[in-house]
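Order as written gives the chain letters A, B, C, D, E and F; numbering starts at 1 within each chain.
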């Protein structure tokens, strides 16, 4: 039983990045937590809707309401609050005792995602595993670590669809893209469907 | 009107790597040539079949028989003949006056492909464009240059299927993988379907 | 006919980075726009002079006054306003319908240039071409894409010289450096004079 | 229960690279195999001694005689036989049904080690995990994956010492270096002693 | 006789990164200066203690009180003041006439260290040597330049121990880690003990 | 007084890569040796002419006949003899007691140069300094170490011109290219003219 923390800048980032992986951790008996840094208030929807959507999405992945944390940093301006961001993530790690941390990578064209990626590295400096997930806005993303999500890719799509104010408004948040990417990462991992990660630090059990 | 040369280690490598792109060069009026370094004699088929398949595949892409060149290097052992390989490619470039060259990249887990990639760089040292294509055996492939193949991806699949001794014998040469990859590269390029390239040297017309 | 947008942190950055390339786009019938993020008020000159110089330089390259946009971010402190920067660039892209975007690269020792580079990637996430140009303050700059500026390098120098408050005050903004660099990039591109680019994303016409 | 294959160019390479990790696989119930590509006949000792030493070292790590395979490639000239090398490794993988493969990395100043690294990538193209280990002759080695060897570092040293014809003849094969490196990798992994790996492909169980 | 400036975000960073190297510059007759950007007020100690410790540590390395400069940027929030940081470093370089500059690298999981690294590159744009040192929080640190500190590693430990409010409170600031790292870098440099650097720009005397 | 060894695949490679640097070592009292791996017999000239030219070029740089060594590997096919190449370089290092070694880099489009680069790393595994020089056929060359050759760039050109069978037959071996490159590297190094190097391992005197 391991404590797992997934971190995302905005509602739906975690689902896109590692939703299938989280849905595999849950039945393994791991304690899965999610930390969403902003409420996504700069996007095309009202905050209360996004909060509701995020709760529903987490529930689909098997993460109950009490394990979903929300940061209070301003959408789009996270990089102006680097220290607060580190502290927000540190608090979540302390509270959850997370040993496994999933977060953005820093090669990302969205400024919030870059800031969250780099803050995670500082905040999670003692975690046993820090893995960077792919995102529709990442670039030069070269995964070498993969998780087989053949059994959970449907759940991943379902969770993404719970963000109904986003899906349909963006070519970047679509189940069709999710399926294409899962297939491509699956090919790289020699399985049917996968999520890919770049390891920041990965202590491997043998 | 430009002379274009595509180079591959084995029959079907060019189709997988840049078949959709070649199928776009042809109707643009470019002179498209293909150079296949080995006859793929180490694979699961007899040589005469592979030669026939390669001719058919080229024809589907719009490359007539007279523009398909075959090297005579031994399948699997190309790297033992590095200088001959450079000369083989140099001769094809001289003969075709190719200004645009497509070839393997060197981050590839197949020894022949690595050798062909690096020999291309030497042989094509005066070419205006040298672009490395993706391959099922490449790794750490990070394309930044893309060609929209929405209109030719079907032809790419058809050409691949002409290699009937290979398709079905390998998970790596399948139209299903081609479609997944075209979709994923398309997403990266912001079009429906694409092929991705890493530029070795690209003189851009503006 | 394509809409082209060149972005620079300070007056003279665009000229140094891609002045020769812009001067080739103009006679091709492309609509060329320039966006200068700051007025360069921290440099050794008064703002009104720099504005005048920038207008003159743009005109030399063939960019009329109405196509030169100015951002209002503070010179030297651009990175404190990352979201505003993204919005400034997004507005220019929307207004110009730019499909081709030239901007700084992020491996640059000037903080403004790094910020502009990374903001461009976010703001231009749908553009067909995003190319990073070289700068006297860039480091680890490894171009793989080149534009032949043999016919426009003189115009590039002339445009740079229009920034008369800068040229002569810095070893970094000199026509002698421009000529040396054009020659060196030209050698890499196998032409007489060139500008070099690192492609962030380049959809290639074939 | 997993089949694990460790590959090294010369006797003692595996021990130096991943001896501590193998010693942890054994008590976990995994089937651990070793493949040594050459007999190290170019080094300062007779072949029969090196074979004896290798058997003893393997035994210390818990790998019985029947699970130690020897290739027959010539020490120092492995790169001249790239295809044979791929076949040698493929045969070992087929025979052992290995899903986890440890091998050299390709950033290594010894020509045999580079060749073994790259051949492994081809031969193990279907393996679930391919991890590159560090070596005294590797350079630019940047591990992101670690195995805690606190409990087995002594066994690693003991196994290395079994290569008595080498230890003492080279500053590169010494238990003192092993301990220093284990401590440094341990620091990076946040444990007392570790071995570091660069993942070529790692399918992670969650 | 050369002017040397070492820059660190917090008290003890310089000692950890290049303390042994500075202790070699001093007896060579070089003028060695230290610039500490923050007072480390966010750490587990009061500021006056840290100032005292820093003075003592500098003295141990041979840097007298008058050559120790302190910036006034807020610990943990340095990246919010990027321009001020550049100016702080520029002033120190002007005042000391430093030709050799040691500073953080930018691949560091602490936000202050990243900011100091990148600001150094801008501020030291005319310095003959700019070398990035390793830090306990750096990642992907791959040194290619080394300084032999066999004769000064004890002094480095002594200087580190002068930061008595830190040593013992962190596994990252310990003489045991210093000794392990010195041994590992020493192995890489083929000497007994070394400090490793990644060169930003290094004009070499021959 | 230091022993310095420069290694090149073909006559004129050393002059192009580090001729200006060698010409500075000589008056410093260092013992400078050159090792040319092939006689360049594949190029456009007879061997005896190339040998004569090489002797003349070395003499211009200040390297007397007795310090110029010639390997006997076949031009264009060096990579087929990797072990012999390592031994050739090892013998030269042993004989000269070289502590400083200049050689090709491995990112080079000529197969001989790649092989020489990588063999140098193995053969010079105990040397204090191993620096990779730039070459007209190198690619992705990103120097961080520089030597000021303002005072010797003329001698470099003169030495290159001694290879009269080559100069004039290739755009790659011309004094005009040498001057352009020296100016560009000089700009990067903040001096008038420079040669650039990528350090493989550099133990720095302080």
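One rule holds in what follows: a residue touches a chain if its C-beta (ideal position, glycine included) is under 8 Å from a C-beta of that chain, and two chains touch if they have at least 3 such contacts.
Being a predicted model, the structure only gives us computed values, none of them experimental.
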{"item": "Smallest number of contact steps required from chain B to reach chain E", "value": "2"}
{"item": "Joint neighbours of chain B and chain A, given as chain labels", "value": "C, D"}
{"item": "Copy pair chain E, chain F: interface residue numbering same or different (half cut)", "value": "same"}
{"item": "Between chain B and chain C, centroid-to-centroid distance (C-alpha), Å", "value": "35"}
{"item": "Chain A, residues touching no fewer than two other chains", "value": "80, 200-201"}
{"item": "All chain pairs that touch each other", "value": "A-B, A-C, A-D, A-E, B-C, B-D, B-F, C-E, C-F, D-E, D-F, E-F"}
{"item": "Of all residues in chain C, those that touch chain B in their complex", "value": "21, 24-25, 28, 30, 126, 128, 144-148, 188-191, 194, 197, 199-204, 206"}
{"item": "Residue ranges of chain A touching chain B (in the complex, touch as defined)", "value": "136, 140, 142, 177, 180-181, 183-184, 187"}
{"item": "Residue numbers on chain E that touch chain A, as the complex places them", "value": "76-77, 79-80, 109-111, 114, 137, 139"}
{"item": "Residues on chain B engaged by chain F in the complex (per definition of touch)", "value": "80, 82-83, 86, 118-119, 121-122, 125, 200-201"}
